[in-house]
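Below is one structure, written out as C-alpha cells, with a few remarks after it.
Going in written order, the chains are labelled A, B, C, D, E and F, and every chain counts its residues from 1.
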Amino acid sequence: MTAQNGFSHLNAEGEARMVDVGAKPVQRRLAVAEGRLVASAETITALREQALPKGDVLAVARIAGIQAAKQTSSLIPLCHPLPLNKVAIEFSVEDTAIGIRCEARTDGKTGVEMEALTGVSVAALTLYDMMKAVDKNMRIEGIRVTNKEKQ
Amino acid sequence: MTAQNGFSHLNAEGEARMVDVGAKPVQRRLAVAEGRLVASAETITALREQALPKGDVLAVARIAGIQAAKQTSSLIPLCHPLPLNKVAIEFSVEDTAIGIRCEARTDGKTGVEMEALTGVSVAALTLYDMMKAVDKNMRIEGIRVTNKEKQ
Amino acid sequence: MTAQNGFSHLNAEGEARMVDVGAKPVQRRLAVAEGRLVASAETITALREQALPKGDVLAVARIAGIQAAKQTSSLIPLCHPLPLNKVAIEFSVEDTAIGIRCEARTDGKTGVEMEALTGVSVAALTLYDMMKAVDKNMRIEGIRVTNKEKQ
Amino acid sequence: MTAQNGFSHLNAEGEARMVDVGAKPVQRRLAVAEGRLVASAETITALREQALPKGDVLAVARIAGIQAAKQTSSLIPLCHPLPLNKVAIEFSVEDTAIGIRCEARTDGKTGVEMEALTGVSVAALTLYDMMKAVDKNMRIEGIRVTNKEKQ
Amino acid sequence: MTAQNGFSHLNAEGEARMVDVGAKPVQRRLAVAEGRLVASAETITALREQALPKGDVLAVARIAGIQAAKQTSSLIPLCHPLPLNKVAIEFSVEDTAIGIRCEARTDGKTGVEMEALTGVSVAALTLYDMMKAVDKNMRIEGIRVTNKEKQ
Amino acid sequence: MTAQNGFSHLNAEGEARMVDVGAKPVQRRLAVAEGRLVASAETITALREQALPKGDVLAVARIAGIQAAKQTSSLIPLCHPLPLNKVAIEFSVEDTAIGIRCEARTDGKTGVEMEALTGVSVAALTLYDMMKAVDKNMRIEGIRVTNKEKQ
C-alpha cells in the first residue's frame, strides 16, 4: 500500500490507515504547540482581578490539557499510542487573550506534535467553559506547532 | 457558595466547581460552532486532487469530531454530562483552509456549546494529523460559537 | 437533509450523521442479543472440568460485557448515549460452544439493540482471550438481535 | 501461582489474573482476524447502489474498528496494554455479506490477536448500526484469527 | 431472578447483575462522602508552607475527583450511568491529614453515593501521588458516606 | 523549573506538572498496596453464607480493580502511562472486613505504586457497591503501599 502522495494516512485507494511505525527507531522526541483564547479586555480584567488572585482557573485548564494530551490516541483516530515522558502547559495572560503553550516529550517511534496540539486545544476549551458566562464572544485562535525536535 | 462574580465555575473562595443545574428545567437546546484549519494553497490543491476524490479524509475527521463531542464531559472538567440528540459536522473546502461546522442538540438542563466547540476542535486536529506530512505550517483558527438556542 | 433511502445514518450527500432523536418520545425499551463462541469439544470439556467449578471465567466475561454495553456510544460512532436501566448477560455452556445472551433496557429515545450486541461481542471476546491458550481455532458466530420491544 | 492447566488467565484457585509478561522479550508481532456481517442480497444491493458510491459507510466502520483496537486493553479485562505500530481494516463487499479483515502490529511482549479480533468486532457492529434501519435480520459471523506471527 | 437475600447485585444463582431500575421514579438525590489522607506532621507542615500558598495541589486533586465522579459507571461495573447535576469537592488541611469531602447530586433513578465515594477516593489518590516524594508512609483512611437524601 | 522542595509535581511557581522521566532508565518495577473494606460482623457472615459460596462478588471486584489499575494515568492527572506487565488482586475475608491486596508490575521509567493503590481503591469501591444494600455503615480503611521494589 503506497501512500496517496504526501497523505501518509491514506493508502493508494484513499482509505484511512495508521502508518506502520514498526521499522522506525525509538527516539527521544519533543514538540511544542501554542494557541490562545481571545476575549474582551473587560473579561481579561475581570479574570485578573476576581478569578486569578486565588482561583483555580488556570490549574483546571492545565490539568484538562495534560489529561487530554495523554488521551490523544483515543481522540485522533490515526494517532499511535505513545508513552509520554512529560506534558507541561503554561499560560500567559495578555490584554485581550490568554496564551497557551504545551510541551510534550516521549521516547517513541513517532512525533508528539498531535499530543502538544491536543493539550493546547483542550486547555483552551476548558478556559472557554469557565469564562463563557462572562463573555459570549470568545474565540480560540492560532493553534499551531512552534517547535519539534528529535535526538 | 456564591459565584465569583460572573465566573460561575468558581465559588467565593475561587475554587473550581460544577454549577448545580438541579433546579434548571430540561429544555431542547442547540448550539453551532465553527472553526477552520488554515493551510497553504498547494496543500489544499493536493487535498482536492489527490485525497478528496475517493478518500476518507473528511469522513475520518467527521467521525472523530462526533465521538469527541459525545466525550465532552470527560474532556472538560466542569462540564455536565448531557444526552445528545444529534451531532453533525460539515466541512467546506476553501482556497487556503478547510472550514468546519459542528451542530449539537440535546434535551438537557444546560447548553451544548462546549459539545459543539469540542466537535470542531477535534475534527480540526484530526484533519491536521492527516495533512501534517504535506504541510508543516498549518494553523487552527477562529473556533467560536455561531449560534445558540433553546426552546 | 434527507436520509440516503433507508440508510438513516447517511444524509443525502452520503455523509455520516447521528440521526436527530430530539422529536422522539422517551419510551421504555428492551433488546436482547445472542451469539456464541465455538470451540472444540476438548476445550469445552477442559473448561467444564478445570475452569468452571470454582473459577472466575464466566464472571469475568459477564463483567466485561456489561461494562462494554455501557460504553456503546463511545465505541459505535453514530450511537446516541442512553441511560441504561439494566444490562444482564447469561451464558449456556454447550458441547462445542458457549452461548451468550445479553439483555439491555433503557428509558430512552432510541432502541438498545446496539448495546445488547456490544455486550454479547465483548463477552465473547473476553471468553476468547481467557481460552486462547488452550484452543487456537475458536470462532465467534451468530451475533444477532433476538428480541426488541418498546412500551 | 500455577495456571489452571491450560487456562493461563486463571491461577490455581481459579481466580482471574493478568499473566505476568515481565520475563517475555519484546518481539515484533502481527495478527490478522477476519469476520463478516451477513445481510440479505437486497440490503447489499441497496448498499452498493445507494450508500457506497459516495458515502462514508466503510470509512466510519474502519475508524471505529481502528479506535476499538487501540482500546482493547480497556475492553478485555485481562489484556495487557500494547503499543500498536499499526492497525488496518479492509472490507470486501460480497453478495450477501460484508467481509471484514483487521491486521494489528506491535513491538510487544505479548500477541495482538485480541486487538485484531476487537477491530473486526467493532467494525462489524458499526456496519450493523448503520444498516439496521434497512435490514432487521443481519448477523455477525465467523470472527476468528487467520494469521499470527512473531519475529 | 430474585436477589440473593440482601445482595441486590447478585441473582439467585449468585451471578453479578445490574439491578433493573426501570420501574423506579426519577428523584432528586444527594450524597456526601468523606475520607482523609493521613500524613506525617512534617509533611503537612511542608505542604502548608511550600505547596499550598501559591500551588495547584488542591485544585489538581479537586479536578481529578470531579472527573472520576463523572466516570463512576465506567469504573464500578454494576453502577448505572447517572446524569450528575453537580459534583463538589472540598478539602480541610488538618495537623496530620487532609480531609476530603465530596457531594454529588442527580435527578436519577438511583442514588449517588458511589459517585461521592469515587470522587473522594480519586481525590485522595491524586493528593497521594503529588505528595509521595515527600512522605512514603501516607495512608488513605475513613472513606464513607456521611449523608444521603432524596426528595 | 526546579521542584517546589520535595513536591516534585509542582514547579517553582507551584504549578502542577508531570515530572519529566525521559532521562530515567527503564527498570523492572513492582509495587504492592493494601486496604480493607470494614463492615459489620453480620454483613460478613451474610456474605460468607449467601454470596461467596457460588457468587461472583470477589470476581467482580477483582476485575474492576485490574481494569482501574490499567486506567491509572487517565484517573490521576500527573501519572505517566506505564505498560503494565501484570496486575493481581487478592482478597481475604476477615471477621469484620474484607482485606484487599493489589500487586502491579511494569518495565518502566517510574514506579507503579499509584497503579497498585488505584487497584485496591476501585476493588474496595466495587465491593462497597455490591454490599451497600445490606450494610449502610461500611468504611474503606488503611489504603497504603506495603512494598515497592525495582531491579
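Quick note on the criterion: a residue touches a chain if its C-beta (ideal position, glycine included) is under 8 Å from a C-beta of that chain, and two chains touch if they have at least 3 such contacts.
Computed from a predicted model, the values in this text were never measured in an experiment.
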Fewest touching-chain hops separating chain D from chain E: 2
Chains touching both chain B and chain C: D, E
Copy pair chain D, chain F: interface residue numbering same or different (half cut): different
Chain whose Cα centroid lies at the greatest distance from that of chain A: C
Separation of mean Cα positions, chain F and chain E [Å, integer]: 14
Between chain C and chain F, centroid-to-centroid distance (C-alpha), Å: 29
Sites on chain C at which at least two other chains make contact: 15-16, 56, 59-60, 62-64, 67, 71, 77-78, 81, 83
Chain-chain contacts as defined at top: A-B, A-D, A-E, A-F, B-C, B-D, B-E, C-D, C-E, C-F, D-F, E-F
List of chain A residues in touch with chain B within their complex: 4-10, 13-16, 35, 46-47, 50-51, 53-57, 59-60, 63-64, 67-68, 71, 75-79, 113-114, 117-118, 121-122, 124-126, 128-134, 136-145
Touching residues on chain A, where the partner in the complex is chain F: 28, 58-59, 62-63, 66-67, 70-71, 83-88, 90, 105, 107
Touching residues (chain side chain D, partner chain F) in the complex: 1, 15-22, 73-74, 77-78, 80-83, 109
Chain B - residues contacting chain D, complex: 56, 59-60, 62-64, 67
